[in-house]
Structure formats: C-alpha cells, structure tokens
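Please see the structure below; I have some questions.
The chains carry the letters A, B, C and D, assigned in the order they are written, with residues numbered from 1 in each.
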Amino acid sequence: MTLVLVATALLVASGLGAVVIQSPRWCNAVGAGGAVGGCLLGLFSAAHALIDSANESLRVAWDVPGGAFYVEIDALSALFLLLIFGLSALAAIYGSEYVRHYEHKKWLGPPWFFFNLLAASMAMVVIARNGLLFLMAWEVMALASFFLVMFDDESEAVRAAGWTYLVATHLGTVFLLVFFVLAGQARGSLDFDRLGAGSAPASVLFLLAVVGFGTKAGFMPFHVWLPEAHPAAPSYVSALLSGVMLKTGVYGLLRTLTLLGPPPAWWGWLLCGIGLTSGIGGVLFALAQHDVKRLLAYSSVENIGIVTLGIGIGVVGLNADVPAVAVLGFVGGLIHIVNHAVFKGLLFLAAGAVVQATGTREIDRLGGVMKLMPWTGSVFLVGVVAICGLPPLNGFIGELLIYLGALRGVVTPGSVVAVPALVVLGGLALIGGLATAAFAKVFGVVFLGAARSEVAHAHEPGLTMRAPMIALAVGCLLIGCLAPTLVRVLVPVVAGATGLPIGRVAANLSPALSSLRAVVSCALGLLVTVALLVGLRQRLLAGRHVERGPTWDCGYAQPSARMQYTASSFAQPLTELFAALLQTRRQIVTPAGLFPRAASLQTSTPDICTTRVYQPVFGAVGRGLFALRWLQHGRVNLYVLYIALALLVLLMWKLG
Amino acid sequence: MTLAPIVQVGLPLLLAPMLLSVINRTKAVVAGRNGQPWLQPYLDVLKLLRKGAVYSGTTTWVFRAGPTVGVAALLVSTALVPFGGRPASVAFSGDVIVLAYLLGLARFFTVIAALDTGSSFAGMGASREVTFSTLAEPALFLALAAIARQTSSLSLSAMYGGVGVGTWAVAAPALALVTGALLVVFLAENARIPVDDPTTHLELTMIHEVMVLDHGGPDLAFIVYGSALKLWVLGALLVGLAIPARTGNAWLDGAAALAGMAGLAMATGLIESSMARWRLVRVPQLLVSACVLAALALLLMLR
Amino acid sequence: MSTWVDTPLVLVALTGLLLVASSRLTRCIRIVAFQGALLGVITVAVHQHEFLARPLMLAAAIVALKGAVFPWLLSRVLREADVRREVEPIVGYISSLLLGTLMLAISFRLSAQLPLPTPAVSSLVVPVALFTTFIGLFLIVSRRTALMQVLAYVVLENGIYVFGVGLVQGTPILVELGVLLDVFVAVFVMGIAIFRINREFDHIDTEQLTLLTDWMS
Amino acid sequence: MLLALLLIPTLAAIVAYGVTNDAVRRLMLVTAVAAHASVVAATWATPPASLFGGWLRLDALGRLFLSITAALSLPAAVYSVGYLQRESRGVRRDFEEGLWFANAPEATFTSCLLLFLAAMTLVTISHRFGLLWVAIESTTLASAPLIYFHRHHRSLEATWKYLLICSVGIALALLGNFFLAVAASNHGGAPIPLVVRDLTERAAELHLPWLRAAFILLLVGYGTKMGLAPLHTWLPDAHSEAPSLVSALLSGALLNCAFLGVLRAQQVLVAAGQGAFGQDLLVSFGILSMAVAAVFVVGQADYKRMLAYSSVEHMGVLAVGVGVGGAATFGALLHAVNHSLTKAMLFLVAGNILATYRTKSALEVRGVLRVLPASGALWVAGFLAITGSPPFGPFLSEFTILKGALAQGRVVVAGLYLALLAVVFVGMATVVLRMAHGAPSAPTEDTPDREPLLAIVPPAIIAVIVLVLGVYIPGLLRDAVAAAAGALG
C-alpha cells in the first residue's frame, strides 16, 4: 500500500523535477528515470498484492466536503496497477529516446511532467475508494493525457483532436458526477463501501456508469474522441492511452457492477449489445483506415468491444445463476484486458518507430519496411498475430475463454442464456475474421512487398526504443504459454468482480484450466512441428539450387512498386460489403480521352457517429445559441426595458 | 486394438492426398477422360520436395515461413478431429475453437506470404481470401455451436460421438441445415467451385492459387500437402455429421466414415464438373446464406 | 386634511403625464423642477400638524436640490453641449400619453393588491408613487437623448421619494439625507458623463452608443 | 476596528489625490491596501464590536465577503503598480479604432481605487438596509471613473451604460427598501428599525405581502448590480473596457457585494418563514443567468467579454446554490470565494495577454503558451479552474452545489445546471485553447523577452491558492463558510 503511494509520489515529484530542470538532457533523464523508478516500485508492490491476494486499505480524513483519502488495493486494483505500472515503465523507456528528436525545438519538461502525472493518476484511479478522490484522479488523468495529446500543437489537426478529446472526456465525467452523487445518497457517504442504489434505482446508476465510463473506454457511440486523439499523441503516449487508460473505463464499470448488487438480465444484454457494436464497428472502421495509428485506435475500440462481450456474457451468467458462464465471461474479459495492454502497446510502439523513421502515417505510402527495420517488423508481426487472436500467442487465450463461456451458454438449457451466448459467439467469430483482414492488410502493406516511397532513409531505432518492444513481444508469447498460471492468479480478481466466493470461482474455472493446459500443449506441439518442418526444409534445400529472381509478374513487363495492391484495394471487398455502415467517400478521376491525364482515386472513411450524430447536434446547438445573440444589441434603452419588464413580470407573477 | 491410435494419427496424414485424386478422377470421368493416376498427388509432393527453389528479391523470411507455419497448423489440427465416431487423439472442451483458429493461423500466414511477394495479383487473391474466410468463419462456428447444443457437449470428440442415428431421428431438419452450412464452408475454405476454381489459369480469377504462385520446391510441396490436409479436416467434420454410423465397432464405423469421405470427394468432383465458378460478387451471398442456415438450425434447437 | 396631501400628489401625477407629452428639453427640465418643488410641499403636508424641524429641513433640502440645483445643472449641460433641444422620442407623444394612462391604471391596480398595514396619510400615495416610478422608467426607455434619460432618472427617484415620504415614518433623517446626497452625486456624475459623451461623439443620442455589442460581432 | 476598515482607504484616497509623485502614490496605494487587509485579517482573530447601535456590524456573512474583497484588493494593488508603470502616459493611438486618446490622471485612478475599496468594505459591514443601499450605490459611483480610465469612445460608452443601468437598478432597490419599511411599520407601535438583526428577530411581525414585494424589488435592484440575467447587460461592456485589474475587482469583489445585498434580504425572508419564496426566484434567475451566459460564451470573439459572461454564469451558480438551499448554500458561499479568486486571476492574466498582443479579439491571439509561457500556463489553468475541473477549488464548490440540488430532489434544476455548465465548458475550451496553443500569431514589436514579475506573481499566487482550495479546505475557512451559510437558514 504505502509502496504504491510512494511510487505515485515519486512519479509526481520526478515530473515536477523535469519541469524545473533546464538542460534538456537532464530533464529527459529525470523524467524518464523517475517514471521508470516509480513504476518499478509500484510493480513490485502490485505484484505482491496480486500474488498473496491480501487487501490493504488506508483511510485518512480529508478536509473537503464529502471527501476522504480512502485507498485500497484488492485483487482487481492490483491487476490494473500491474498493467499501468508495467506499460508506463516500458513506454517511458521508449519515450526517452523518442522525444530526443524534439530536444532542440521543444521544452521537454511539460511532456514528462504530464506523462508521469498520467501514470500516477491512473494508479490513483484504480486504488481510490472514495467518490471524490476517484473523480479528482479521474479528471487529473484526463487532463494530463489531454496535454500529452497536444504534444505537437503546431498542427491544426492535433489541436482539433485535443479539443474533441477534452470535450468528450468532460461530458463523460459529467455523467460520473451524477452517478457518484446519486450512489452516495444511499448511505450519505461517497466511500465506495457505502455507495449503492438507494434513492436512485440501480438501473439508473448503471446507465450513468455505462455512459460515463463507456466514454473513457471507447464504447461505440461514445468512442469518437479515440480515433482522433490516439493518432495525434506521440506514439509512446498512444501506447499508454490505448494500452491502459481505456481500461480504467472498464475498471470503473467492473467496480460499478460490484457496487450495485445482483444485476437484472437486461444489463447483460445491453453490455453484449455494446460489445457487439463496438467490436464489429471498431474493426470495420479500422479496416477502412489509411492512417496506421488511426487504424490501431479503431482496433482498440474493437478490443474493448471484445472485453465488453466477455463481461456481458458474464453478467448474463450471473443473472441466470450459471456460475460457469459468469466466471468464464469475466475471466476472459480480464485476460483480454491484460493481453490488449500488451499487444496494443507493442503495436503502437512499433508503429511509432516506423512513423518516426519514415515520417508518414499513411499506410499506402509505406511498404517493404521489413527489410529496413527487421526487428521492428518482426515484433510488429508478433503483435499482429497476437491481436488477431491466433494461437499460440496470448491474444488467443482471452478470446478462447470468452468463446468457452459463450459455448457453455449455448449448451445451457433454455434460451435466456443461450441467445445472448449465440450472439457473442457469432459476433466474436465475425470480429475475429475482420480483425485478421485488417491486420493482414496493415502488416502486409506496411512491412512487406516492395518499398513504395518515403521509406528509403528508414532505419532501425536505437536499443532504448527496441528493448521495450522486444520485451512486450516476449510477453505475448509468455502469456500464451503460461495461460493456466495466469488464470489461477486471476481467481481472486474474478471473485471480487463477480462477488462469487473464491472456492466457487475456482471450482468453475477448473475445466477451463484443463482445456487451457491442453491448448498450451497444442501450442507447444505447433511450435515443435514448425521447428521440425523448418529443419526438414533446411535439409531439403541444403545443397540444392536456390536462386533469387523477380516476383512472377504474370506477363507484365517491369511492374513498378506503385502497382502493388494498396491497403484500400485490399480492404475494398469487405468495405463494399459493409458500405451501408462505413459510408466511405470517394473522389475518383477516371482516365478519359485518347491521351488521358493522370487519373486518381481518393477514399476517406470519416466516423459515422461524428458525421451523422455529433457534428449535426453541435452545429444545431451552436446555430441556436448564435440566433439568440441579438439579446446583447447594445441599445441602453432596451437594456433598461429588460429591467422594467423583469420587474413587472415578477410583480405580476408573485403578487398578481 | 493397440494400433488404433496409430491408425488414427496416420490415417489422415496418409489418405488426405487421396481425396484430391478422387476429386480429379471424378471430374475426369464426368468429362470423359480417364484422368491422372491415383497416386498423382503423392508423386507431385515427392517431386516438389526434391526440387530447389527460386525466391523473389522482394520477399523476406515471412514468405519462407508462410508454407511451413501453414502446414504445421494443419498437421496439429488433424490431431483434433475425431474420425469415424472415435474420439480424436487430442480432445478437450473448447478444441472446436482451437481447430478453427489453427485453420485461421494457416490462412493468415498464407495471406501475408502472398503479400510479401509484392505482386498485385497475389494481393488481389489475398484480399479475396480474407474476405470469404471472414464470412465463412461465423458459419463454421454457428454450425459447430448447433452440434454442441444438440449434443450438449463442448469438445469435438464428444460432440461427434454424440451424433448418432437417434440424434437424426429427433432433430433431422436442424441437422440437415447444419450439414448444408458445413458443406458450403467445406467448399469455400478449400477453394473449390463455386467459390474458387483450382484449375483456372487466369490469375485475375484465382483466389487461392494466385497466392501461392511464387512458391516453389519444398514450400510448394508443403502447400499442396497442406491443402490436402485441410480438405480432410473439414471433410471429416462434415462426414462425421452426415454419416452417423455409431455401431461401436471401430472398424465398421471407420469404414463407413472412409466411405463417406470418398463420397464427399466424389460429390465435390460432381459439383465442380456440373457447375461453374460463381461471380465474385455472388460468393458472399452463398457464405452468408450458410450462416443463415446454421442460425436457422440453432433457432430450431432453441425453441 | 388629506386634501393638503392629495392636491400635490395629483399634481405630481399630472406633471408626469405632462412630461410624457412634452417635446422640448428645456420644458421638460422645468416640469421636473416643478415636480421637485411639489415634493417639498408634500413633505411638509405629510407632517403638517406636528410642527417639526426635521420635515422642514428635509423639505428645504428637497426643494433646493430637485427644484433648483438639478435643473440648473442640467440646463447648464444643455447649454455647454449645444445639442438639439428636441426630446426625440422613440415612442410618439400620443402613444406615450396612452401608455402613460395605461401605467396609471396598472399602478392603481397594483396598489389595490398591496393593502397597507398601517393607514397612510392618503390613499393616493402608493398609486402616484408607482405611477411616477413607471413614468421614469418609461421615459428612460422611450427617449433618445442622454440628458432626457437623466431627467427621467430624476423622475424615477421622485416617485420613489413620494413613496418614502408618504408611507415611511421610521426612516431616520440620516438615511434620507444620505439618499438625497447620493441621488445628487448620481445626477452630478451622469451630468459629467453626458458632458464627455457630447465632447467625444458630438451628440448625446444614446441610440447611437452601440459600439459594444455581441450582435453580428 | 470597523472604523479603521473604513477610514484607512478613505483617508488614503484623499491623500493620494494630492500626492504628485507617482512612486510615492503607488507605494501609498499598496501600503493602504495592505494595512486594510491586515486589519481584515485581525478581525478573524478578534471579532470587532458593532458600532452605531448595530448599524455597522461584522457578522459571519459580512466577514466572508469582506475577506474576499481584501484578498483580491491586495494582489490587484500590487499588480496595479506594474500596470501603471507599463501604461505609457500621454496621448496614444487606440488599437481598435485608431483614434487618439489619453489615460485619466493616475491620481484620480488611485484614489478612486481606494474609495472603491472603502465603499465595498462599507457594503460588507453595514447592517442597516438604508446604509447598505447607500454603500452599494457609492460603489457604483466610485468605480465609474475606474472603468473610464482609458478615455476613449468604447470605455465612455461602457461607463455610461454602467452608470445608467446600475442607477436604475439601485433606484428600484431603494423603492424596495421603502417597501421593507412599510412591511416593518406595525400598527400603532413603533416601527421595527430596518436593521438586519431586529428584522430577523421580530420577523413574525412583518407584513408579508409588502415583504415579498420588497424582496422582489431588492432582488431586481441588487441583481442588476450583481449581473443576473436579464439585468446583466452592463456587465460585459464594463468588464471588457475597464483596465484588467479593475475588471478583476469588479468581477471578484463588486458582484459579490451586490450578492451580499440580496442575501441580506433573503436573511429577513428566511426569518419570516418565507425562505421558499425567495429561493424560487433565485433559482429561476440563476438558471436564466447560466443560460444567457452560455449563449454568449459559445463562440465569443472577445476574450475579456468571455470572462465577463463567465462571471454572469457564476453569479447564476451562486443564485442557484442559495436558491436550492440545504448543503448547496454552503457550496454557493464556498463558490463565491473560489469564483472570485479564479476570475480575478483570469482577468489579471488577460491583462498581460492584452498588453502583449494589443488585441481583445480571441481570433487574433495564438500561441500564448509560447510567447508568454507563465501567463499562458496560468491562462489554461485558470480556464480549467473556472470551468470546474478538478483539482481546482471551483470543482469542489460546484460539486457540493450539485450534491445539494440532488439531495433536495431538484432533478430538473440539477440537470439544467450540469447541462449549462457543460455548454459553457465547451465554449470556453474552444476560445481558450485556440488562444493558448499553436504557433504564435505575429506578436507585437515590443514583446517582453521576460514577463514582468509584477504582472506574473499576483495571479500566480492566486492560482496556487485556488489549487490548494481544490485539494484542501482549511478548517478555519470551512467553519467561516458554514457559519455564513447558517445565517441563511
């Protein structure tokens, strides 16, 4: 407990230190060093708390209305702390080299200050046990991340993205304010253990929480800030935002579920619905993007959707009192949270390396990067395999558990559980296929084939940037192989989240554990087979005639690199299928005449929620407000008339 | 009976290529030719294994890894598939998903290997491949979920062990729908007419073939053998449902299943020689309708 | 006895209507001055039978200020700022008159709704006070020149004063004098302001003082 | 003690008018204000005795507002020293209309500043309604010349509107006082003296219809000064044209004093068991003010006007808080403190920006964070604070008000309150961030390489206080606010 607080304090202190220090090199060192140190400290204590799941809490009176400095580490918090500190440390290491490019043109103090503040506030969010404390940490987190998003604010796009993010997160917080106030009325205290559905019905609280936390987590209708903010931020920050900050929203939702007592069935259905929308919608928009970081951001929406599917089916199970389904759903969701933190962090870091080396985020301008940046390319491939949920890497584990939960739901008699379970099953399958398409596209077009442009001078980043990526890639494999252990560690977490007794959770998880062991053996079998085949291949080719040549050009002489299949053409068949949802915009200039001019095709897929919902609404409000501006016309007589009328109206109203 | 497990593991590895030649023979017969020798696929594989290789300058290790990983995934997946009513050598609850995702892994590596060549045709094929498999995936899952629901068990072996004549007696219509769905998946995943034409020579119309154009030597051998294995795996899923011979006598059931596989191969051949490849835009309709079939089956079971 | 009070009260009301209808600034100033004098009369009339120093002092102050000083001050401004002598109404005289009578009605209605806790010296006090106040407000709203608005402000104050002197016995002289002083300063400061406005803008038409606005800005 | 509070600034004002040496006068200004502030601080230690039969008394409510005033005047005075140094004397060209103009003589400015302080002090300590009225009116008169410091068209227009509108309002308040007197004049017996304490003690004898009417008049009258919509019309003009430190005092201190006037009336109303009557009016005025502020904050092109409208909004918040009652009253008074500090800080920073960029148009200001790092940081921080983001003070008070509203079951009020706060947030975010970030828009030739210390330190100190109030409310302050809230039932 104290250790975590010390770690948080260290983070904040080093952040301040980075601001006061003038020399850029030292400021960089202090910022990154402090971040890493603090995170390691926190990691240690969080791991400790998770292993021998012992709840430590600390409550200090605090002189603000309704507030108390009340913090606690239970299994759930410990899990999230682990992610937060772990990824923050890696991101900080990576960042220390990443920001060196800006040393000469930027003051690095503020970025480091806000980075460390972000890490600290996220930690505070997951250990806070008092509504006010939570809200403060929550808002500090939002602000710190906002300033990080604004890192290179000369660009108009970045400023717009920052604005969107700030507005979205603020509006989300408004719902949380109401949520905590209403929940606090039950027993007249904002401490979590006294919150509950008292004056307001539980369902109202639940909906408030879904909107409030969902905005942060990136649930589909409220996700619009996400594909703007994540590309705008520097990559190590995007990694942190996507990897863990979104998860604080899920954390909040899980906490809420523990506060509100036994859930009605429709909560589960709602969550399943949200998960399905976010999952399919997210991956479809990811498929349609040209900007690699934007694509990754949308895929975060998708993965949050998968997590929500897990939680949703879990809630359905809880409600129908089918603990097997409930436990599998929750554990699947939690493990997917962990996995997503790992591989999405990895993907953002690798993408960042490519973007910094080539100076473009346009997928269609890249290509053949694998040859120039083999390390980055290989770890990116690992991340891609993982995020597509393919065995033997970690991504598969989480999805497998959710699938298992869904299957169990399908085979449970009756249709209360079976129907949502089927939805989850079909949805996951579709999402999986689309994700494979999307990531085959991004990996294939960016790293494989022939270089298109802009990549000539690209080169591998330094060790400080490579090390974190490699660490994360190893993590993907390890989690994949140590899945049973991980699940066993998560038992208390699941117990905390579902409110089921630990024994029951463990009992219901044991079949899943045996399957996982089998899966791991399959995975090992696969690896062995691959190894054997590679050996065989070597033996066969040894001494045989192996030559290099051009790609078979199907009869075209001199195919140029620009004739390669582009990302948009790769995705075109699928985007065609879902055109109704994506509404991709095309500007096409077809070749015409005998000697045609240069023809061109441009496609762009803006977010449908932004274009169809938010922009119209905001526009309407703005116009409406502008129409009222004549009130302040500047004629003093009429101003006095206002006063007279107000007086007259009041006299008539109150006395007449 | 001690050799049963060996047979069980050996059978697919041994007989999978035979399915290819059965299909080819059928088509030849229908076309009035006498067709290639029965062992042609085996000979092809062996010949390719003995050849050298040519690699495009644009490719990287990903290109070389593609076929290896693909065939490895398929080899492992054969161990998961029950045959002839006997449980598979590896069986656990949820192996359905592992199977599906192993196929996915194989496909994914084939696709990125194709993209590694930088050829626009390979890219085109890859794009079509992912499109169709994306739509085939839910159909497969829903179909298997239906069987799971019917037999209320979560592992392939238990599911297929549970499907018997009795099951058909109670739920014939639902199972028929599931069979239909599985058939479509079988054809689509194995790049067969009406989804894809393995014998075409026009790159523009190819899907699976064009992706492997650049491979040669052992890699191509792996690919050919892998596709045979895939044929076997999905075929076994289909046959295990369609031929519910569960006498308990391993030899009888096995024989029935083998007959079923042969029948499936011939049916494929007949389909291929009786109809043409559909236009690409129509293929999704076929796959979606497969999903609908499976969903319908589930509805029948849920009520 | 109430005739002593009623007559000036009625006169005050009449001056109000007169003011609404009159078109020349100089005339308006005189009318307001007369009104001020009337207030003095009322002050004395209210406390007629107990012959005290206090009401007399007050009355003297009133007459001095409202009857003499303000008019002098304003007419001086008028002379300094050689502006057109018209009132330049936004609302025409006839309609102003009609509105005036309407306001008279309203003020009687309102006073009917507010029964006095203690019997007043005259039943006319409340309506006349309210009426004069309304007239003041109305003039501020409906006249263009800044000078006229200051005048209107004085009228407004007059109405309030009528109310105070007619109904409120308790208020100690200190407050009343404070009030008077205050109004005096107010008018004085506004006079200066007008003076400057005239110098800066060469007019005292407040209709044209519309630089500061959020409309079409 | 109370006399000292009044006399220090008054005498200083008189003397300052005579002093010719600028340096001496500025020193006097600061010392006088500091002395005044220290006396105020002393009143916390030893409550001063009441004077003139309870006409002048310092109760909890008054002390709170007096302390706010003093706490703002001191930084404003310090800031003014630097400001007056920077203000080039003599005739110069006005950057908006290009006409020539000069400043008012500095002596006038200084003494008016001190008189203004004296007047506000009188407002906070006078318990006799008549006297309160006089005090509030005199704040108008003392501040008018301050607004007209830069002698050009716009400031003159602003001054004129300020004078006229506030005088009308104040006149209505006077009528309200008389109504109150009528309500207090009981049959036969001697009328109740119009002193807060007597009125509250003998509230039962008050005549209700007249009391209600009196409250309406007082509310409209003092509400005009306080800037409640639709009576707020003078406020944006005056705030945008006055020198920034004057705007800081207007927003931070003056509006509160007017609010105090309303609260005094509300006190009597509560004592007479008519609290609900007043609260309804306050809530409706409050929501209306927030709405009107929202209309003009969104897409506001002039950043000083934006701050002014935000003041309207926060006056609305205060009204809503008191109107909702219960815990919200505490929140509202706490918010009065927070808002005053934050808004004053923002206006001072706006002054710095104006001095460098020479334009009040938010569209032409870019990259403040780069040109003026310190001011820019304070500007953004101030924006976050004033829009109620943690960890700044206003968040706590607004949160408390929300809690109170929901605890009272005023769901609609709470909903509107939150919605309007959100709209204002969006509006201000758009304007402020556009100014703060981005590549600098061509700064004027005489951009200071270092920002003058006297222009940075005062707002910085206030900012620190606001931040601290956001994470920790000293027991002393809490008790004081609680006591003040207690006076309002």
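Here are a few things to note about the model shown:
Here is the rule we use: a contact is a pair of C-beta atoms (placed from the backbone, for glycine too) under 8 Å apart; a residue touches a chain by one contact, two chains touch by 3 or more.
Bear in mind that the values here come from a model prediction, so they are computed numbers and not experimental data.
Set side by side, C-D and A-C show the greater C-beta contact count at C-D. Chain C has its Cα centroid 100 Å from the Cα centroid of chain B. If you average the CA atoms of chain C and of chain D, the two centres end up 31 Å from each other. Separating the centre of chain B from that of chain D, both taken as means of CA atoms, is a distance of 79 Å. Chain centres here are Cα averages; for chain A and chain C they lie 70 Å apart. Multi-chain contact residues of chain A (touching two or more other chains): 629, 631-632, 636, 640, 643, 651, 655. Residues of chain C in contact with two or more other chains: 113-114, 137, 140, 149, 206, 209, 211-212, 214, 217. Among all residues of chain D, those that touch two or more other chains are 160-161, 164, 168, 209, 213, 236, 296. Under the touch rule stated earlier, the contacting chain pairs are A-B, A-C, A-D, C-D. Across the complex, chain C is touched by residues 629-638, 640-641, 643-644, 651, 655-656 of chain A.
Across the complex, chain C meets chain A through its residues 90, 110, 113-114, 134, 137-138, 140-144, 149, 206-207, 209-217.
Residues of chain A touching chain B in their complex: 367-368, 370-371, 374, 377, 381, 385, 388-391, 396, 399-400, 403-404, 407-408, 410-411, 413, 415, 418-419, 422, 425-426, 428-430, 432-434, 436-437, 440, 443-445, 448-450, 511-512, 514-515, 518-519, 521-522, 525-526, 529-530, 533-534, 536-537, 540-541, 544-554, 559, 561, 563-565, 569-574, 577. In the complex of the two chains, the chain A residues touching chain D come out as 62-66, 132, 135-136, 139-140, 143, 150, 153-154, 156, 159, 162-163, 166-167, 170-171, 174, 177-178, 181-182, 184-185, 621-622, 625-626, 628-629, 631-632, 636, 639-640, 642-643, 646-647, 650-651, 654-655. For chain D in complex with chain C, the residues that touch the partner chain are 128, 130-131, 133-134, 137-138, 140-141, 144, 148, 151-154, 156-161, 163-164, 167-168, 171, 174-175, 178, 181-187, 190-194, 207, 209-210, 213, 236-237, 240-241, 296, 300-302, 305.
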